[in-house]
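Mind having a look at this structure? Questions to follow.
By written order: A, B, C and D. Residues from 1 in each chain.
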Amino acid sequence: MNFTLFDLKIVEYSFFITAILVIMIGLYGALVKKSLIKVVIGLSIFDSGINLLLISIGYITSGTAPIFSPALVKDMPLTLENIKKLSEGMVDPVPQALVLTAIVIGFGVTAVALSLVIRLYRHHQTLNIDEIKNLKW
Amino acid sequence: MIYYLILIFFLLLLMIGAAIYSIVQKDLLYAVIGTGLISLVLSILFLLLQAPDVALTEAAIGVALTTIIFIITIKNTVRFEDEVYQKKPSKTEAK
Amino acid sequence: MKMKKILVISLLAVFGVYLAEVLFKLDFGRQFFQQGVKDFYLITSPIKLQVANTVTAIVVNFRGFDTLGEVTVLFLATTAMGSILYKGRHQLGERTVLFSGSRIVTTGSRLLFPAIILLGAYVFIHGHLTPGGGFQGGVIIATGFLLMLMAYADYTVSHVVLSVVESLAGITFATIGLLGMLHGGSFLQDFLPNGSLNDLLSGGIIPIIYIAVGFKVGAELTGLIYTALNEKD
Amino acid sequence: MVGSPVLFIAVPLLAAFLIPLLGMVWKESIRILPGLVLLYMLVLAITLLEQVMHTGTIVEILAGWKPPWGINLVFSPFTGILATLMILMGFIIWIYSYRFKNVDFEEAKKYFILFMMLVTGSVGIVLTGDIFNQFVFIEITSISAYALTAFYKHRDSAEASFKYLMVGSLSSMFLLLAIILIYSQLGTLNMADIASKAHLMKPEFKILAVIFFIVGLGIEAEIFPLNGWVPDAYAQAPGPVGAAFAGIVVKAGVYALIRIIFTLFDVSGTHQFLIVIGLTTMIISEMAAIRQDRLKRMLAYSSLGQMGLVLVAFGIGTEEGIFAAMFLLINHAIGKSLLFLSGSYLVYNSADKYISETNGMGKFLPVTSFLFALGALAVVGMPPFSGFWGKFFMMSAAAHANMLLIIALILSVSLIELVYYFRVINRIYFYKKESHITPKKPTVNAVIAMATLGVIILIIGFYPDLISGYLHQASQALLDKGKYIQDVLSTGQLLTH
């Protein structure tokens, strides 16, 4: 296999590679960083990477969005065959539905995490993990 | 086609770059803007991957709301990762 | 300290390479399974449900139970944030984080605010036709309120109104589910006429649920931002 | 029709949305409504359980679509018993905490909403038959748990909660990765459908998915490397919440893990993995428990050890082993909750909750002390109480499976448990009270709740046959994978209108 820059193969894998890299960067931030806000930033980057991975797994080359818009179905009888033919060229809607849910849930968790950060700052006057160590980690 | 590929590569690199930037940057406010940028790029990528619903959600939640919640938190706490630079007098001293 | 960093990076590298190795067995841009649930969704949605946007059909109809859970997660996040930041009965109602805007900002915001609310309402009412839906519309509405909160230092939102809207919308969602149960025997079952494809009044219960979700998400997120802004240092 | 399993989710959700409205009009309703809902759920659960034992698994279709396409709830003997146990514990803990935060209306409202959703989320994890739906319920449970852990406003609770949140959200993202790996290979999210198609998955995907699932669910199931948050969360949370963690949330996590390993995939070696990880969890936690000087941390470590024991029992994999595991699970839920509930009164007025501060409480709090001792004896496994039967069945299962090393380890671990619980009981009854501690009398509802748990322990201890019939059916239901798949996938026609 020869990977030239414009070889389609590498473009395709580049989505996976990016998603994995972003996941790694987010995990690194969440595990290593000392500032609590940085840790939460790491978590949210991790979340973004996973969402990208999910959507790119559902992608179909030169597919259309899974919406039967008026432009798509105009003057075409809505028979089973027509719909089947249209739907073959559509990307997978299920990962999109899952990501929709995952984004909202991720936002909820981030909000709770940040309110905990505010609470911790109120008690300790610092956000450094090393100084907030009343409990053993 | 080639422009399309260049656009995709640019966006992917921008996303990785923004992720590294927001982890490395010591000023948390800039780091948060970096995460906002990740979400923005991500939502354009979703659009290119034919997921307009998700793109809309990511744009609204990731770019606007997450960023603003982070900014509110930073306003309530500290702005810098190394708190040596911290300008804000701590509350206990003020009292 | 250095050791920990090196350890974490090497662990992550191993993990990443392994994950990449497995994922590269998938061909990007191709479907990997023979027969999945998606074919059924893509065909049933336009033909039987008359819903143009398949993602909406999945989110609200086929997997509507997930959406109920998701709305609950947001509701719980708001409650949790209120509970975590709560400091006692006598310390509510003052803004702590103030963004004071110039006259241009305030006038512009006042001009934009109705437009944003309208856009949000459009997005969740047309959730079954165009991209978007209850969540997106609700978030857009919340950003409208966010804009006002940023422009005016003394802009307030009534907690009572927010909580009433939120509760009523949630009750509507759950009640529609129970009505479906009375009508057809299963929770969240579609019991309204489906109309025809790409009509505004189509898709059975989907528009109603999405309007409820839109109100609920809008109220919840506005409340969430407002709680965070009112946090006292 | 008495009702259907979906009411276990729909009714509490409706009530949770209703509580803020009702609270504006009638303040007491925020306390009463969750109790009424839990009582209703309990009645419904018992009726349905009785029905299921005679007629077989109920599969509830949601939104009118047959299983591979829609989400479904499965109320089998196995899931039914777990759900009933959780709801029962939820109801008893509600009785205990009825007067919680009596002065502060806002706080009480949030507590009751979050507590009710904690129970509902756990029940949802157990009942659902869809992996993504399970993920949503896990998030509902976790967010309630984070908020409840940080409920008291003293300084360490937020830290414990943040720790929990970090581990929890990282592992829930791994769960999402596992779900998408499965979806990319099979194109379905339904558990039964996945189980019937699992052989179509490429092996490396299967292994990676199982690893991600174990990482993602291990946090709720509290298996060894992922349970660093547990002692802090249990110790910092309010007493009833600690009891709810031990009695409800862990059970849901263990269930999810067991479902993945027993039903979804048959990767070789997972049973041995369960035994190894269970033994490690058990030994390390019991070693840690004996070194603790704070009561709640000791209880938390002891809880971890017990859950390790349950995992070992599941890992034996025979019907007898699963039966023993179910028995241990029920005993752990009841006994450990009783310990947490009564223990939090024993150290009520001390700041640091040291074990030494329970000295001489036997004289001042006779009922609470007696119930604590009862719970401790039940958890250790002394003969006339419920725990004895669990350990007895477990050992006989291990003996039949020729795993004699396990028997030796269980016996030695029981000895350790005996030592540290007797240390506490000894202090309660035979030491002189420390002068700076003023004991707090438990309220009437707390006494009722604790006494109910004590009575259940005694009843199960003397008449184990009362539940063993149900448990045998439950363990058969878990092992019979083919029947599960058939039950789910053959449900109902495609409902249309």
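Note that in this section a residue touches a chain if its C-beta (ideal position, glycine included) is under 8 Å from a C-beta of that chain, and two chains touch if they have at least 3 such contacts.
No experiment lies behind these values; they were computed from the predicted model shown.
K.L.:
Going by the touch criterion stated earlier, list every chain that contacts subunit A and also contacts subunit C.
P.N.:
Chains touching both subunit A and subunit C: B, D.
K.L.:
If I rank B-C and C-D by number of C-beta contact pairs, which comes first?
P.N.:
C-D
K.L.:
Return the chain whose centre of C-alpha atoms lies at maximal distance from the corresponding centre of subunit A.
P.N.:
Relative to subunit A, the chain whose C-alpha centre sits farthest away is D.
K.L.:
Based only on mean CA positions, could you tell me how far subunit B sits from subunit D in angstrom?
P.N.:
Distance between chain centres: 38 Å.
K.L.:
Between subunit B and subunit C, what is the separation of their C-alpha centroids in Å?
P.N.:
That gives a centre separation of 20 Å.
K.L.:
Indicate the whole-number Å distance between the mean C-alpha point of subunit A and the mean C-alpha point of subunit D.
P.N.:
For subunit A versus subunit D, the centre distance works out to 31 Å.
K.L.:
Which subunit A residues reach two or more other chains?
P.N.:
Counting only residues that touch two or more other chains, subunit A contributes 15, 21, 27-28, 53, 56-57, 59, 65-67, 90, 94, 96, 100-101, 104-105, 107-109, 111-112, 114, 116-119.
K.L.:
Residue numbers in subunit D touching 2 or more other chains?
P.N.:
Within subunit D, the residues that touch at least two other chains are 132, 136, 139, 143, 146-147, 150, 158, 161, 183-184, 187, 189.
K.L.:
Residue numbers in subunit C touching 2 or more other chains?
P.N.:
19, 26, 31, 36-38, 41, 53, 55, 63, 66, 70, 73, 76-77, 80, 84, 131, 135, 224, 228, 231, 233
K.L.:
On the basis of the stated criterion, which chains touch which? Give every pair.
P.N.:
Result of the pairwise touch check is A-B, A-C, A-D, B-C, C-D.
K.L.:
Which part of subunit C faces subunit D closely enough to touch in the complex?
P.N.:
Where subunit C meets subunit D, its residues are 18-19, 21-22, 25-26, 31-38, 40-41, 48, 61-66, 68-70, 72-73, 75-77, 79-80, 82-84, 86-89, 160, 163-164, 166-168, 170-171, 174-175, 177-178, 180-181, 184-191.
K.L.:
What residues on subunit B touch subunit A, complex-wise?
P.N.:
So the residues of subunit B touching subunit A come out as 2, 5, 8-9, 12, 15-16, 19-20, 22-23, 28, 31-32, 35, 38-39, 42, 45-46, 49-54, 57-58, 61-62, 65-66, 69-70, 72-74, 76-78, 81, 83, 90-92.
K.L.:
Over in the complex, which subunit A residues touch subunit B? Could you list them?
P.N.:
Interface residues on the subunit A side: 6, 11, 14-15, 18, 21-22, 25-26, 28-29, 33-35, 37-38, 40-42, 44-45, 48-49, 51-52, 55-56, 58-59, 63-67, 90-91, 96, 99-100, 103-104, 107, 110-111, 114, 117-118, 121, 125-128.
K.L.:
Could you pull out which subunit A residues touch subunit C in their complex?
P.N.:
12-13, 15-17, 20-21, 23-24, 27-28, 31-32, 53, 56-57, 59-61, 65-70, 73, 78, 80, 83-84, 87, 90, 92-94, 96-97, 100-101, 104-105, 107-109, 111-112, 114-116, 118-119, 122
K.L.:
Mind pulling up the subunit C residues that touch subunit B in the complex?
P.N.:
53, 55-56, 96-97, 123, 131-133, 135-136, 139-140, 142-143, 146, 221, 224-225, 228-229, 231, 233
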